[in-house]
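Report on the structure given below.
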Amino acid sequence: MLINCVAYQDGKKLAEIPVEDISVYVSRPDCFVWVALKDAEPAELEEMKEEFDLHELAVEDARHGHQRPKIEEYGDSLFTVLHTVEVDGGELVVGEIDVFVGRNYVLSVRNRTARGFQDVRARCEREPELLKHGSGYVLYALMDAVVDRYFPVFDSLETELEEIESRIFSGGSTTRANIESLYDLKHKLMTLKHAAGPLLDATGKLFGGRVPQVCSGMSEYFRDVYDHLIRVNQNIDSMREMVTTATSVNLSLITLAENETTKRLAAYAALVAVPTMVAGVYGMNFKYMPELQWVWGYPYALALMVGIDVYLWFRFRKSGWL
Amino acid sequence: MLINCVAYQDGKKLAEIPVEDISVYVSRPDCFVWVALKDAEPAELEEMKEEFDLHELAVEDARHGHQRPKIEEYGDSLFTVLHTVEVDGGELVVGEIDVFVGRNYVLSVRNRTARGFQDVRARCEREPELLKHGSGYVLYALMDAVVDRYFPVFDSLETELEEIESRIFSGGSTTRANIESLYDLKHKLMTLKHAAGPLLDATGKLFGGRVPQVCSGMSEYFRDVYDHLIRVNQNIDSMREMVTTATSVNLSLITLAENETTKRLAAYAALVAVPTMVAGVYGMNFKYMPELQWVWGYPYALALMVGIDVYLWFRFRKSGWL
Amino acid sequence: MLINCVAYQDGKKLAEIPVEDISVYVSRPDCFVWVALKDAEPAELEEMKEEFDLHELAVEDARHGHQRPKIEEYGDSLFTVLHTVEVDGGELVVGEIDVFVGRNYVLSVRNRTARGFQDVRARCEREPELLKHGSGYVLYALMDAVVDRYFPVFDSLETELEEIESRIFSGGSTTRANIESLYDLKHKLMTLKHAAGPLLDATGKLFGGRVPQVCSGMSEYFRDVYDHLIRVNQNIDSMREMVTTATSVNLSLITLAENETTKRLAAYAALVAVPTMVAGVYGMNFKYMPELQWVWGYPYALALMVGIDVYLWFRFRKSGWL
Amino acid sequence: MLINCVAYQDGKKLAEIPVEDISVYVSRPDCFVWVALKDAEPAELEEMKEEFDLHELAVEDARHGHQRPKIEEYGDSLFTVLHTVEVDGGELVVGEIDVFVGRNYVLSVRNRTARGFQDVRARCEREPELLKHGSGYVLYALMDAVVDRYFPVFDSLETELEEIESRIFSGGSTTRANIESLYDLKHKLMTLKHAAGPLLDATGKLFGGRVPQVCSGMSEYFRDVYDHLIRVNQNIDSMREMVTTATSVNLSLITLAENETTKRLAAYAALVAVPTMVAGVYGMNFKYMPELQWVWGYPYALALMVGIDVYLWFRFRKSGWL
Amino acid sequence: MLINCVAYQDGKKLAEIPVEDISVYVSRPDCFVWVALKDAEPAELEEMKEEFDLHELAVEDARHGHQRPKIEEYGDSLFTVLHTVEVDGGELVVGEIDVFVGRNYVLSVRNRTARGFQDVRARCEREPELLKHGSGYVLYALMDAVVDRYFPVFDSLETELEEIESRIFSGGSTTRANIESLYDLKHKLMTLKHAAGPLLDATGKLFGGRVPQVCSGMSEYFRDVYDHLIRVNQNIDSMREMVTTATSVNLSLITLAENETTKRLAAYAALVAVPTMVAGVYGMNFKYMPELQWVWGYPYALALMVGIDVYLWFRFRKSGWL
């Protein structure tokens, strides 16, 4: 589905143009065209391939989808695959943005993403002095937007971890739910890592030594994106380590809880076993057992039982078994 | 066993040729020969060695089999070992494809694989404009096919993991079977990794800087294979990490289950121990025990036992021990 | 908030100058200006950007804060982000120092740090022969101060670990508190690592091969900082490994403690169960039980019970169960 | 002890020569000498040092033994240390082969190895067209033989692992023996790794870019050895990972077994505790307990006990506790 | 404290010289001075700094001590920090050797080491043909001595590990002491690694490509040191892995022991519980219980109890519970 198709000149919007006119504008040297598609049909991709003269393998990748994040050069043009990660009801949803960038065109195709990139276009149009850089700047703006959206996702995972940590250490629940949450969190971290990790490697090629033609003169900008990606990736790695630690800590706490349960049960068992023993003693059938003849023998026995239990109770209390 | 022996010119099939004529066609500059063998006999390999003038060490490797995946240059020609991985009744079966590629010949030998590569030949013959690239394109097509077949294998492992996960967290069975399945899955992942991992390193040499002669001009294609291999390998690594996590999570759940078992057993023990204590009390032989003389003493004692047990039952229920 | 704004010439302090005069001094070839801000307002940063002609992206990073430690070149000038780590009541507080360095200016902005860098300025002014090196030396002095302050933080973490270790092995408490302390310590180590780790990579670019203009001729100094950073990082990594080991050792000790608890409980249970069994025997209603008729039967039974318990007590004592 | 001392020319054996004549043959340009020693005495080494003009440090290494596998250049000659690994009664025995290779000599010294390298010499003499390559080919043949002998050792370890796995999962024995076997296997893997790992790094220098003079023109051969070494090393690494996994799986199974033991014990305990409770009830001394007066009261009570136990038995059976 | 101050020429000792004359000898082109200090005072270091014209940062490092092992170039001279590791009563003591090496001087300062380096000096003086190499050879000899002293330390740790292993598997003691020993061993390994690890990286710069002036022509020697360092480091890494494995194996054994304890306790419990049940049965008050009237009823009951217990004892014995 076509979202936008706009021609720009000197950093300023010329006009929304019909798809058929793309090739006209693309051939004008000082002008570039930015087309945005959403969940593109094969036919649309085929049309774009013709208009922009895209490479067969790149178009095929875009058609199939489910590529890993990457930046590939095809002659003078770039084919970029970015993954968006969105939080939807506690689950992470991975979308895909395929960006074809040539000297004077940008074609972005987004699939399975809830939120669009109209704000990126708006920001670019508000800053004509930057948009003058041409299609490379648009690529930067799109990458910057995708990467910046990783941070709130990461923050939500961090909040999850903190909640699990406080549940684990509150002592109330060292339970099945915590274990499942940690496992689930690990899954989500892997998902986010799969989006941000490969992109890090790819972005490193857009600044520094030899860079693709369309990105030249923009090293500072792509280095900035790279820097954000390093931050995301290092944060993810740290959190993965903490999740692993939390899992093993949780196991320690479960084992500890078992230990405490055992102690508590033993204490209760003692409170029952000792009176039973006393009762057993006075249930013996010896002919000569003075206590049995006492008028107060029975109350005395009961008092003995209760007395021992009270004493035990306090001892168990003191040593933390109850 | 010979499967095919076909000469191609300008991307089009010339003819099926007898093995003896191979050297004739190979010497024609604008023509190449593509021979496919299956579970080749030493004699057949020897014959091919003569026809194509293959290097001794490469032929020896093909004869012995059980090489690791690799791509080796012998002068102008390439010797490639690929591993196929096929699912057969829940088990992974590893096969081997040895491909000898020269400027104007391709010899592929497949061993221990159920599925052949006729579809690759068919696809190549349907795209004469690509097949014009010559033997390098055939190598690409074979590698692409082998690598593409890793994905469904990986998907089946992923399904296995998801089933184990849901069994683990369903709570019904934290058992021996899950542990064995996880261990088995780990084995399979190692098997797949052994096929895909070494190939990744090898493929990296077929594009980028200096590339072997027969692969020149096809960088985009081999980069595409490389890219798929990275994806497979990263997926395998992620899954290995998840399997490790799942194993340790399972241990936590087993320990937790033990804890819960202990609690439940203790609860049942209490339901038996307390009436026993009460019975012990009324089994004492004191001369003066008023209850013993009551007409309703016995029912009262029974009611006391049942009453305490009912009370305990509800308390245990409430605190989740039963 | 402006802290200082001083012009230097030939390694000696010229004068405190008003902000408006900065551009005057900056344009004098043999002179440099060192400005220190604290928790700078956007307006102040904007003013500095004008005076020093700073790059937009760097200023934006300083405005947003929460960058990872890094050293970036913008043309001839450097933008450096350092993290300070301070101990406040057992918690680690991370602050940020943004340093802009040009040929003849240094602008340092510190955020969220309790302790300032007046001592660095004082030290620089006491060593005019070194300060002659210009702005690069000031950068070194600031980095050196930040890195040196990591050591006492690390030492405090080391002390924490030693305390936990001695608590763990003292046997008195293999408890929840130790587990939580270890987890907490891990968190702190990650925090310190996040400050020191990225800085290590960045500092490596300031000596050796090609170095930024402002750092030239100071390789020995930056190598010294680098060396300290390696030490901090290796210490952190070692301690992380020891924390992991301590966690797993603690689990072993908890499991062992459980084992010992079980044995002790079993010993106590035996001390109750055996007399109960004896009492049960003498509670049987056989018509012909000689002991029941003995005058000393009851004392004998009690003595038997006590005797067996004393015997068991010593055996349990000897085998370490009690 | 001298094993062989033979001069070769044009790939063919000239003659067995006495040690004193070595320097004569070595000085002939088209000829090379291959000496094999076993558990060499210092005096023998000293003699060889003179004859071949070996480097002091290399000879010292050979004298001390216990070097790690390595390949070192001393001017035009190579000093190679290889480790043999032999299985002797279930234990791995590490031997050492020191090979000095010059343009026209090979001196091999083997220590602590049961099996010699006569077959390597025989193979070389059978293939004169290859032996023509000179001393470099002999080095290749020795390395190839050493590395090929790693494979059966690895296979024996693999068999061990499979036996342990089947013992672990057979359920019969999750015992001490399995744990010890796994630990022992880990030890053996480390031993094999210590032989094969360093050799991998060293071998990489014998082909590819600049290679030592004596190995020139033999890249395909050394690459083949390298390839085998990679295979051994990757197999070892995989098996180490599987051993680690097996260890942790075994722990899970032990914990699980404990859980099952607990349940079984609890079931048996119930089978004893419930009749005890019933007996306790009918041991009460109430004046009015109708059952006590029944003629069939005692059989009824016994039947009740047995009945309850039979019922419990079947329930425990069904739920898998017994 | 000054230990030695000797001038050498042509590899031979000239004379012990007073400190004041150092600069005289240093200025003679064919002569070098070797000064050894122990626990040097700041004043001594200051004096040396003057005599040898040492770099301020290097002297400061030597003054502060507690540097990590490193080799730094300051112009034509080298500053080397080595760590000695000595065993003292089961504990590892880390000392520090700072070596300043110039074209014609060596200054070594040792701190906190029990054993000196007089034997190194003696060895050098015994080999004048090697000492002719000058100050670089002295550096080699010192490094060689320090590194060679790591091996017995490592061997003592290996012995410790073997003792722990045999204690763990002897079954007698899976106890607290083993866990503590393993943890302690890990600490020691880290200590040794901290000495040997950084030195490995540093030594790599003293041979191969460009090397510092004072080390030129001695590549074989420094490569030899490097090789020993690799061996130490790989051994340490292997042992760290084995310690980790041993820790987890120990946990398995503790869990297993718990399992066995539980079984043994349950067996003993059964031996008490079953007679109690029998006693309970014959303690019932039914009017018609034929056994109660038997003359041999009581002995029969006791025999029943003992009989069942003997039977159980043998069954438990057979199944390994007792």
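Letters A, B, C, D and E name the chains as they come in the text, with residue numbers starting at 1 for each one.
The working rule: a residue touches a chain if its C-beta (ideal position, glycine included) is under 8 Å from a C-beta of that chain, and two chains touch if they have at least 3 such contacts.
Here the structure is a predicted model, which means the values were calculated and not measured.
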Could you work out how many touching-chain steps separate subunit B from subunit D at minimum?
-> 1
Chain-centre distance (mean CA atoms) for subunit C and subunit E, in whole Å, is 25
So what's the Cα centroid distance for subunit B and subunit E, whole Å?
-> 41
Can you tell me which residues of subunit B touch two or more of the remaining chains?
-> 248, 251, 255, 258, 262, 269, 273, 276, 280, 283-285, 289
Line, ring, star, complete or other: which one describes how these chains touch?
-> ring
Round the ring starting with subunit D, subunit E following: which chains, in what order?
-> D, E, C, A, B
Contact residues on subunit E for subunit C in the complex?
-> 55, 57, 61, 67-68, 70, 72, 74, 174-176, 179-180, 182-183, 186-187, 190, 193-194, 197-198, 244, 247-248, 250-251, 254-255, 257-258, 261-262, 265, 268-269, 272-273, 275-276, 279-280, 282-285, 289, 291-298, 301-302, 305
Seen from subunit B, its contact residues with subunit A in the complex are 165, 169, 171, 220-221, 223-224, 227, 230-231, 234, 238, 241-242, 245-246, 248-249, 251-253, 255-256, 258-259, 262-263, 266, 269-270, 273-274, 276-277, 280-281, 283-290
